[in-house]
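These notes are about the structure you will find just below.
Labels for the chains are A, B, C and D, by order of writing; each one numbers its residues from 1.
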Amino acid sequence: MSDPGRQGRFGEYGGGYVPESLVAACREVEEAFREAWVDPGFRGSLARLLAVHIGRPTPLTPVRRLSAELGINLLLKREDLAHTGSHKINNVTGQALLASRMGKTRLIAETGAGQHGVATATVAALLGLKATVFMGERDIERQALNVFRMRMLGAEVIPVGTGSRTLKDATSQAMRHWVGATEDSYYCVGSVIGPHPYPWMVRTFQRVIGDEARGQCASELSTGVPDYVVACVGGGSNAAGTFAGFVDTSARLVGVEAEGGAGAALGRAGVLHGARSLFLQDGHGQIVEAHSVAAGLDYPGVGPEHAYLRDLGRARYVTVTDDEAISALVRLARTEGIVPAIESAHAVAWVIRAAGAGELPSGATVLLTLSGRGDKDVSTLKEQL
Amino acid sequence: MTLETRLRDRRDAGRKLLMPYVTGGITPTWVDYLRAFADAGADAIEVGLPFSDPTLDGVTIQQATDAALARGATARDILGDISGLEHDVPLVASTYYNLVVHDGPERFCAALRDAGVTGLIVPDLPLDEAGDLEDAAASAGIDLVLLASPATPQPRLDEIARRSRGFIYAVSLMGTTGERSVVAESATTLASRIKRSTERPVMVGFGISTPEHAVEAARSADGVIVGAAVMRRVLDGAIPHDVGADLARMRRALDQERDRR
Amino acid sequence: MSDPGRQGRFGEYGGGYVPESLVAACREVEEAFREAWVDPGFRGSLARLLAVHIGRPTPLTPVRRLSAELGINLLLKREDLAHTGSHKINNVTGQALLASRMGKTRLIAETGAGQHGVATATVAALLGLKATVFMGERDIERQALNVFRMRMLGAEVIPVGTGSRTLKDATSQAMRHWVGATEDSYYCVGSVIGPHPYPWMVRTFQRVIGDEARGQCASELSTGVPDYVVACVGGGSNAAGTFAGFVDTSARLVGVEAEGGAGAALGRAGVLHGARSLFLQDGHGQIVEAHSVAAGLDYPGVGPEHAYLRDLGRARYVTVTDDEAISALVRLARTEGIVPAIESAHAVAWVIRAAGAGELPSGATVLLTLSGRGDKDVSTLKEQL
Amino acid sequence: MTLETRLRDRRDAGRKLLMPYVTGGITPTWVDYLRAFADAGADAIEVGLPFSDPTLDGVTIQQATDAALARGATARDILGDISGLEHDVPLVASTYYNLVVHDGPERFCAALRDAGVTGLIVPDLPLDEAGDLEDAAASAGIDLVLLASPATPQPRLDEIARRSRGFIYAVSLMGTTGERSVVAESATTLASRIKRSTERPVMVGFGISTPEHAVEAARSADGVIVGAAVMRRVLDGAIPHDVGADLARMRRALDQERDRR
């Protein structure tokens, strides 16, 4: 999981399939990022913001009661404890600092669960930038808490009523908007998707999860490295950030997708939102709408680096149903006092299922990135329970 | 005759080129629009192969796309509809790259050729990613049209002009397709910049909504592409005859402008 | 701020004014706490839970944009980043560990904003205890998110329809319930109120806030110690925990109450919920109902140690209106990307007012404990904005 | 005569003691309940001075308290109502400690004395905190009754028995005031334990709801206190005469039990 070069390639995936109007803007972002990333001043500012404002490092929590029930040793990397309640803030902090450095005055973002939107609104407020967030109408309904938070933070939230009215169409709309606003606006992509340099840059900003977890596992586990590293996959940013810390170890990497949004597990190669990757498509090459109870996983594709890891066999991608995720959520709440985001609950659900099925050997150490907290999901859960 | 030869010939004859757009499969009898466009004096016609996620299109063409897909339109059917047609106007397919990837560039281009299409526009395929499709298109005798935008720096513009086939698609402004009230200044600047670097025809598209717009845009370019303005009428239920009449007005305005000079 | 002795006295305040039926139970808690607190095993378990599960230490965030606007140097102690979203969890973690050690199988709690209830439900789940939470009907309405969270966590939430239908009556009801359940149940009081040993014990568990902040200030500030230490005061636990870290320094201590629940600022000596302290009362000695937009501050009294600090002149207690709190909340959100709990926003409001009025000298360093996050307050804010 | 002397005399005469409770100020003519209780054979009457936050009371007495406060009842008015009365039954005030603190123990006890009250119960004032009030009550000639509970360990029980005046209030069970379907076993155990350590009268309260309960509780104690059962009737609108009739039944049951032995 390294620099994908100027073309942004992960094997055959990635690249920059954007309208000519956006080519210069993407280049500008790439140049700025490359420059910033080797600048100790930028790295220092970022590290300090993550520490004093965002609350990093997040803890690694050994899960005792559920582990005992499952006969494994489960550890949670607690992104739910990061400021605003999910890992999304790691990436946004990096990108927003970059945008400031580039002299941009506004952030554009798409959001599904609203976590990326809230994170964007948050760091925009902190750095004195404006924020415009595109969000599908369906997601606006089911993530009302986050919509309100964004507005409290001063962001403009623009409802997207086209297509699936979820993350996919919000992303399309954000890209359209960016085309007309590249001069003063920075497009702050929320996952390891989009054209180069985004998948790589977002993963780089998110690898703080994996790097921290690697160090924490080293002191927490006698083996130093967990047997399994598990994370949920929407676009794939929390997974990519986590995997990055372990890709050079013997740990098995498992990405857990929503059954109805399983780009990596069930998709085929295509191009959407600027990258070649794996997408759910019909027999005519039309993108199929995803359907997941988790707004953040309700996306028909996956970041290009995941497509590559899948092809390499370095990571495995599995799926979990809505119902499995919801009962995993409740089970974690009741056994550990942690109400996870419904997205993160997918990862928990797979671990529960795999441990039950003997697929996870008894005694296995499992590091699971808990990407966010469940406060935002109350209205969804109320309906489902 | 290739698309490019055809357009060059007409341009060199002093004619300003007019290329209307229609979303393939938008109605059961959508090919009637092609006939009407031809009758109205179109020099080429852009046929959209609808894709579920048209990220460079504004609301009008998004709606047209949704309507066509909702009707069950597929690239295969649309090409089937075309291939049965008698016509003398070059057809230029336009779609997003995913449909190309889905078939593979070779099969995709072969299908276009078999349907009698001579040009191809893929708005989300910039120069840097175009290699595969350029090769496949060339083999199939399809002109792969590249787009240039106001943000394209000069050296890159030169390369686009060099590698584009058929014509160069000058995107008039930083934005999506869709009607606008005025022709952006950037359209003129861009068209002039491109024309300085190539002999190939330069067509301005995005936001050309009225005969006046067409005339203005065509001053520095070789012609105009009219998409959303046409599709707005189609979505509003205008029959081919009526949309043809609109285009005929545009045609006349362009012709009069030439005569006036 | 030290051990108040067997009688639990802070000057004339404190004590154990409980029905005879609860005397033995309170003694049992006191004995257990005294024993546990000097047991390195207990302290170690607590410290580890706070670190790996709760996310301590919480950061100290220098607030740049708002500080610049106010002409002061404001630092936030970020209890909003603690697991479950407020400082309440510090105390609950300590008490629940204690309850386990005592062999109790159930926690009883009262809650106002729901944060203490959520914290109780959380640690109960974590330690495999049952939880019964009493909550005023009015608070159940305005803190619906937290009610749902408690239920997700497996706690029983019991609505209290008597009196003000807020925290005061929930507390009375919890005490009544405890009388009949002392055998197997532990009463987990949520603030520095109640009979001895609670005010002292809760402050002791909460002083982790002040101790951490003291150390963080030492490295963050050239002066080592802030000029002012500010915290909101409901019962007064986040303030007491914060003050404890600074009471022996030159810092001025300021407790900020809701205007409609200002026990310390406007109350007179009385006895309620087991302690002698300051309470809002009418001319006949009846307790007056508090009225605050902040459920967590909607309490007519204050912990006995605050009454004592007030009498000593060591701390000052000031009040803030609902409207001031709400606009401070929005201002902090817009300038710093932090949506505070509406309780915590009271402290921010006072700082804004005092800086504007020149009461805080220009350039003053101010440490403010941000006791919690605002997610829970969305429905209240929606109504008010 | 002090409360205690009076109760001891009657107890020593072989009578089981009956002490009904009424929330002062519950109705405009609430003192009529006192008369009715006296007529029904009450040996003493507990008069609640309502406090906004009665943390040891169950729903019934909470409701009675709320009703009295809603009517605007104050301790001063209630004592005023009492002081005008002709009666031969000792009155025992009961309230929460905040009302005592509000006036200060001396003034509070003086007011009781002036109203002719001879005893005082403060359920949230345990032994350990009682010093101030004990002194003030003693000076005013008021018997400060202490409570004992099933959870009270023996040495502490001994001290309560020693320091309590008037009688010892044996709280029958671990719980709040309120009607119950049976007399808790703990009542008997506690009463016996207290009686082993003192000559002072021992009265059992909390949950005594029927004549049968009274008889059962009075077996190991010197008498019973009946609160919620009375107040439930009052809240339901029973007039003094009717509530008096209930108490008279209890009185008779207690007397018959004595005679039967």
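Everything that follows uses one rule, which is that a contact is a pair of C-beta atoms (placed from the backbone, for glycine too) under 8 Å apart; a residue touches a chain by one contact, two chains touch by 3 or more.
What you see is a predicted model; the values in this text were computed from it and never measured.
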{"item": "Mean-CA-position distance for subunit D and subunit C (Å)", "value": "37"}
{"item": "CA centroid of subunit B to CA centroid of subunit C, Å", "value": "67"}
{"item": "Set of subunit B residues in contact with two or more other chains", "value": "none"}
{"item": "Overall pattern in which the protein chains touch one another (line/ring/star/complete/other)", "value": "line"}
{"item": "All pairs of touching chains, each written as two labels joined by a dash", "value": "A-B, A-C, C-D"}
{"item": "Sites on subunit C touched by subunit D in the complex", "value": "7, 15-25, 162-163, 168-169, 172, 175-176, 179-183, 269-274, 276, 279, 281, 284-287"}
{"item": "Contact footprint of subunit C on subunit A as seen in their complex", "value": "51-55, 58-62, 65, 78, 80-83, 85, 121-126, 128, 144-145, 148-149, 152-154, 329-330, 333-339, 374-375, 378, 381-382"}
{"item": "Complex contacts: residues of subunit B adjacent to subunit A", "value": "51-58, 62, 66, 69, 74-76, 96-99, 101-103, 123-129, 146-153, 156, 160, 171, 173-176"}
